[in-house]
Amino acid sequence: MPEPFEPKIVAFFCNWCTYLGADLAGTSRLKYAPNARVVRVMCSGRVDPQFVLDAFAKGADGVLLGGCHPGDCHYQEGNYKALRRFKLLQQFLGQMGIEPERIRLEWISAAEADRVRTVINEMVETLKRLGPRKAPVETQFAEAS
Amino acid sequence: MFDPDDIRVGVYVCHCGTNIAATVDVRELAAYGAGLPHVAVSREYKYVCSDPGQDLIRQDIRDHGLNRIVVASCSPHLHEHTFRTATAMGGLNAFYFHMVNIREQISWVNEDKVSGTAKAKDLLRAGVRRVAMHRPLERGSIPIHPDVLIVGGGIAGIHAALTLANAGKHVYLVEREPSIGGHMARFDKTFPTLDCAACILTPKMSSVKNHPNITLWTYSDVSALEGYVGSYKVTVTRRPRYIDESLCVGCLECIDACVYKQAKVPDEFNYGLGKRRPVYVPFPQAVPLVPVIDPETCIQFKSGKCKKTCIEACGDRHAIDLRQEAKQEIIEVGSIIVSTGFQAYDARRNPYYGYGVYPNVYTALEVERLVNASGPTAGEVVLRDGRKPQTVGIVHCVGSRDENSNRWCSRVCCMYSLKLAHLIKEHTGAEVYNFYIDMRTPGKGFEEFYQKLLNERVHFIRGRVAEIADWGLDATEEGKLVIRVEDTLAGKVRRIPVDMVVLSTGLEPQADANDIRRLFNISCSSEGFFLERHPKLAPVSTFTDGVFLAGCCQGPKDIPDTVAQAGAAAAEVLALIDAGHVETEPNTAYVLDEFCSGCKTCVGLCPYHAITFQEERRKSEINQALCKGCGTCVAACPSAAIGQHLFEDSEIFEEVEGILTYA
Amino acid sequence: MSTTFEAATSRRISIEPVTRLEGHGRIEIFLNDEGKVDRAVFQVPELRGFEKFVQGRPAEDMPQITSRICGVCPTAHHMASTKALDDLYRVTPPPAARKIRELIYHTFFVEDHALHFYFLGGPDFVMGPSALPGERNVIGVIGKVGIDTAQRVIAVRRTLRDLMAAVAGKAIHPVFGVPGGVAKPLTREQAVDFRRAAGEAVDFARFTLDLFDKVVLANQAYLDLIHSDMYAHRTYYMGMVNEQNRVSFYDGTLRVVSPSGAQWARFETRAYRDYIVEHAEPWSFMKFCHLKSIGWRGLVEGEDSGVYSVGPLARLNAAEGMATPLAHELYLRFFGVLRGKPVHYTLANHWARLIEMLYAAERMRQLAEEDEITDPHVRELPQSPGDEGIGVVEAPRGTLFHHYAADDRGRITKANLLVATQNNAARMALSVEKAARALIDGSTVQEGVLNMIEMALRAYDPCLGCATHSLPGSMPLMVRLCSRAGSVVASLRRDSDGRIVRE
Amino acid sequence: MKPKVAFYWCASCGGCEECILDLAEDLLPVLDAVEIVFWPVALDFKEHDIQPVDICFLNGAVRTSEQKRMAELLRANAKVLVAFGACAQLGGIPGLANLSTARDILETAEEATGSDGDHGLPLPELFDTVLPIDRVVDVDYYVPGCPPTPKIIGQALTALLKTEVPSRHSVLAPEQALCEECPRRATRPETLALDRFRRVADTIIDENMCILAQGIPCLGPATRAGCEGRCIAGNMPCTGCFGPAPRVRDFGAKALSAMASILAPTGDDEITDALRDLPDPAGTFYRYSLPASFLTRKATP
């Protein structure tokens, strides 16, 4: 019988809020789904849309961006830049047939360990419901060659 | 003997005792690491952060010609520095190192070993790919301005200020009230030693005032902050007190001369139990001893039709200046101590205790003022109608350990309730009942104090008070406040009629804690107190270099702990100042001239104005000293002409690639 | 030489350019059981999905996106598209803007007609049917008309294209068309340059016409060729005309004349769907445009068949003259020499094209001399969001329709693009069929079929670029004889040196 | 003996061929320097004529089995294969077809013709995905542009005919983005904070000011220089036909990031509002480069 679908999430967490939130989740021994793989960046403002598209192109089922709450950015306003890029990016992904639920931007502070758990669990549930990504690029090439 | 160009990675998987080993198969992981491209050595070890663990790395670098190191263990926030140092000791550039977090990210949050190990493999693969892209980097160093800013002039701020000033450092102490002293100045005695708060605080207050190394600004707020560790630019707004501190000699004649013959205004310092005039000093030992004119109540300010007898009284000292305006002071400091204290829980939030409804329900702080010799009643514990209470009930944990208000224990209530019980009994001889959930007396001499109270025949009833009401069932309860409580020891509901109720309100973050947090760019823990960098290893540091914490703004604590913490904060600051400089993380962004088109997209994005446009070269330029390494400009540059040390595009692409290429 | 098929019941002959590209234009010849030509068609496939993938794009991007349909006549698509936007947004460009558009458009006509005559479709006609295809190209033409002429052609085209670029941003894939006007005004300096260039263009057009006189009209063999029945079809003709029924490229009314030359219809471009419909055959992507009320009678000529054609010849036939003096003289001469109107000789397209070139040059000059053209007010802003828009122009190769629908955010929801070659498809098929019937009888296929069919098709200058990426001038053909099963029984194709070989 | 040069096209509009003619007089010296062995726009040629050449300029994207086969054939015969023009380098505007499928496209055509789709005629296989040349065969150099400018073409030819050729896989155009050579560069303010984006459809563009500063998404900052700002000179925004700057891996993502970064609004709804007049991110940021992007095409069920 086939293995149950385990979505792979690439998560970009900012060093000062969300990554610390995840650390706190650890020290608090909160249990959550193992599907997310965290890439640490200094600020959500560092997340280049290229990274997100690359992740999707390489087969990620979902991408999670984590930053400080509005007004709380360690770098004052990096998270606003992240938000603007995110909203435009999400529109584009929609046009590319990638469901909006597959990319998520969350404000999670260093104290919100439980939020880390909830968000990741929720996202895994959503992605399981959506199922695997529609035909990834590779198969399109197969067709072309 | 080893080709420097060929990348040789050393992988070290940490057991962290059983912390990791329990839920990640470290042997399998290490074996997997050995099979990854470029990996020359892959080991697992009990505690890689231990000395032998670090030696292992150093030795391997020599023996196996490693030129990249990956450690899979805990959060980089904990040990990145440790392992970078080890890498450097081995003779490599410290930044040829990458840390993979398999503890906070995996073993502690994951249940089964299989999925945990699988996840660990992904992260390790990503780390190994990433580290291959790393390049040698040098840390920068920032000089530390020796002056210090301390925000909040309670006992914490006062103690830290004196410690630093005595060490010869210049301190700016900013307090928003007209006087320093904070909550402690309002206390009568302090537990458990019952020595008089004023007697121990007042001398410290005046030495602050007189210390050549301390600039004291009361009635002032920090309104703006820019810069970074070593050189902060601080803007302090000094509200007008309409009396010139430099001219006033503190004779207080203006107060007596005020056209208000009777003090009519409820005074803040005594929580409205006493009255003051429009021109006043909050309390006799105030520092500085300079009155304030309250424009809200001063006739001259309200109608412009006052005889201004105060000005007459001041005479040729001309200290009174009704046209005084808010003044901005701009100062440079290298480090900051935040000691903004706490606020008491507002008892009105528990309506069933009748505070604000029944005149004889008081808060503990109000009673502190009542029992205080210099208080509104000159130390007489009397009810609002002047009667002496025969029976007094003290209700613990009001706004503490309560799902409906604050869940945390405020740590000091049990002890100050005992103290008040003692003082009330001492002043009035009344029967005193304590209603408590648990009696918490962990501290030097605390338990003994509790015993002493028991011997003084103070009543202790275990149970959370359900309600306080003024309707009696029988003559004994007539005209009294009836405290309804389930005595969990006796196992029955009891009704205790009393004349006076004291609510032991808890400690909570200042109402404006969030604004302060943002101002100083620090974090709060979930209950809203400021977050320390590490609860055990860095209890007075924050995640913002050069900003430290002292006192109850970081969490409830008693005076000894506060003073100890203030000392610790001062010590951290001294270490910083005496080192003279601080090493910076080399994660700054830089422009690759040959690819910069001069489109200026980046210039406006930098919150630190680190990016300038060089008209003659028609390129953007990033000031390495000002750049804080957020990387926003890197992500925004449409030509990818901006790189960021430690977070290069290539490094992140490799990491993502590593995560997603199933091996 | 002949090929015989034993016991073949039904066969198909497939002729297609060797340089096959996606959904490429091809010729299909269907034989009936007797081996006679049952039907022959020229197939123009779909437009590389443009009609599909423009859906969702912002309407204002259409002039730039659709110009990529064809790099040879991008200006025609750009212009039709821009006019469709005016209509979509219900906005009328200011006078100066309209004149600038016309100026650029007529400049484009001059250089495009020149390009065709000297480089693309023209050569095999100029070189004559007897010439080897190896010589039927620009090199051959240079050889025949001399290097000086070649250099003059190059120089004039460059001047014109540089001027276009100065105003339109780029000569290939221009960017100046916006709803309600043009992107920027014309400077006085530019107007002066255009005036000078227009002068040169007129001289050049007349020079080319003289050349045509010398090389073609003075040569009886050519005249016979033009008059030959092989290339004559009595069909309807459509073209755009102004109020005085003079030929008009940028704007006007569509006029259709019958094979006998009588006005059959005169209608506003927005109403095109009432007059033109596309007939679909299950065996082809191609839309067979024909006249609605007459209807589809199959690939037949005459008053009763809805088949019509567009392009230079059709435009001259459908009009009653040219709007400029010099061109009008030649217009009269054209019908004089070719005896009567309408002219049904397909090969007369080459001459008609040169007359249009002169007209375009004259019109250029008129426009450049108007003061109003340098008025800085060149843009009206749309007031309402668009819903539907139709833009029609005469492209060098014939009438070009752009028809869009847009959503409330001004994004295209539907696009219908009707290019000249589709308008001509039926008549082109007729030409192919005529050649096929003449040259193919049941058992044999004569090599000549290739020459003749090439001649017929090139006369239309079918801009396959619009549909197939294959450019006129590079249409070496191949005849494939296929059994019903589709397997190639035999095939003919021409070698690079022009010899026909059998494979 | 003269180096042999060939021109050929895949899925393109012919503009790339046309722009070689636009070299005009400058074409003649080129014709002297090299021997053009095939050039369909001007000279007939057939597949079996293909012979080994020194340089092959291939324009157009790959859309069908035919084109793929042709590209492979030319690669095998060319010492140096140059992807010529936007379609060859990035997929070009026909690459927007990657937002739909071959089926959609055929259906649209059928709907338009009312044909039942049983054409009875064999057509070359239409790929679902339009591909730039280098996703099919190895490409040595790129000449960008839709179409490339005579200047760029001239420089490319000179560079390739030199003895020491440019580094392989390089794009034969300047290393910086268009702003570097933009005629309006001086008018670009140092800091931009746009309240919202605007559309060409309802904006009159000031001829003397940076177009991006006027709120029109101009892709000049993200687009490789070399065209000398043709569209800007035409008073219209750059749409990115010269493709990405050297270090950029996904043109649209970078353009999108830069554009979003210069917006002022901070609130969720204000941002949505600011983006209202940017209704087609895919078509705007990937006008020419969708097939060369990370995602390449729309995901299909």
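Think of it as A, B, C and D in the order they're written, each chain with its own count starting at 1.
Keep this in mind: contacts are C-beta pairs under 8 Å (C-beta built on N, C-alpha and C of every residue); 3 or more make two chains touch, one makes a residue touch a chain.
This is a predicted model, so every value here is computed, not measured.
Chemist: Tell me, which chains sit next to both chain B and chain C?
Modeler: Both chain B and chain C are touched by D, going by the contact rule given at the top.
Chemist: In terms of C-beta pairs in contact, which two chains are most connected?
Modeler: C-D
Chemist: Going by average Cα coordinates, which chain is farthest removed from chain A?
Modeler: In terms of C-alpha centroids, the chain at the greatest distance from chain A is C.
Chemist: Whose Cα centre is nearest the centre of all Cα atoms in view?
Modeler: A
Chemist: Quick check: how many Å separate the C-alpha centres of chain C and chain D?
Modeler: Spacing between the chain centres: roughly 27 Å.
Chemist: Suppose each chain is reduced to the average of its Cα coordinates; what separation in Å results between chain A and chain B?
Modeler: 31
Chemist: Mind checking the centre-to-centre distance between chain B and chain D? Centres are C-alpha means, answer in whole Å.
Modeler: Result: the chain centres lie 56 Å from each other.
Chemist: So the centre of each chain is just the mean of its C-alpha atoms; given that, what is the distance between chain A and chain C in Å?
Modeler: That gives a centre separation of 53 Å.
Chemist: At least two partner chains per residue is the criterion; list those residues in chain A.
Modeler: If we look for residues of chain A contacting two or more partner chains, we find 48-50, 54, 77, 81, 85, 95.
Chemist: Counting only residues that touch at least two other chains, what does the list for chain C look like?
Modeler: 56
Chemist: Could you say which residues in chain D touch two or more other chains, in rising order?
Modeler: In chain D, 99, 248-249, 254, 257, 261, 280, 282 touch at least two other chains.
Chemist: Graph of touching chains, which shape: line, ring, star, complete, other?
Modeler: other
Chemist: Which of the chains are touching one another, listed as pairs?
Modeler: Pairwise, the chains that meet the contact rule are A-B, A-D, B-D, C-D.
Chemist: Please give the residue numbers of chain C that touch chain D in the complex, ascending.
Modeler: For this pair, the touching residues of chain C are 14, 18-24, 26, 28, 43, 45-49, 51-61, 64-65, 68-72, 74, 85, 89, 115, 119, 133-134, 136-139, 151, 154-155, 157-158, 161, 165-176, 178-179, 183-184, 278, 280-287, 379, 381-382, 409-411, 416, 465, 469-471, 473-474, 476, 486, 493, 495-496.
Chemist: Could you list, by residue number, the parts of chain B that touch chain D in their complex?
Modeler: It is residues 592, 594-601, 603-605, 613, 618, 632, 635-641, 649, 653 of chain B that touch chain D.
Chemist: Can you tell me which positions in chain B touch chain A when the two form their complex?
Modeler: 75-77, 101, 103-106, 108-111, 115-116, 118-119, 122-123, 126, 517-518, 521, 523-526, 531, 543-544, 587, 605, 607, 628-632, 634-636, 644, 647, 649, 652-653, 655-657, 659-661
Chemist: With touch defined as at the start, can you tell me which chain D residues reach chain B in the complex?
Modeler: 175-180, 185, 188-193, 220-222, 225, 245-249, 254-255, 257-258, 261-262
Chemist: Note which residues of chain A are touching chain B in the complex, please.
Modeler: Interface residues on the chain A side: 8, 10, 16-17, 19-20, 22-23, 25-27, 29-32, 34, 37-43, 45-51, 54-55, 58-60, 71-72, 74-78, 81, 85, 109-112, 117.
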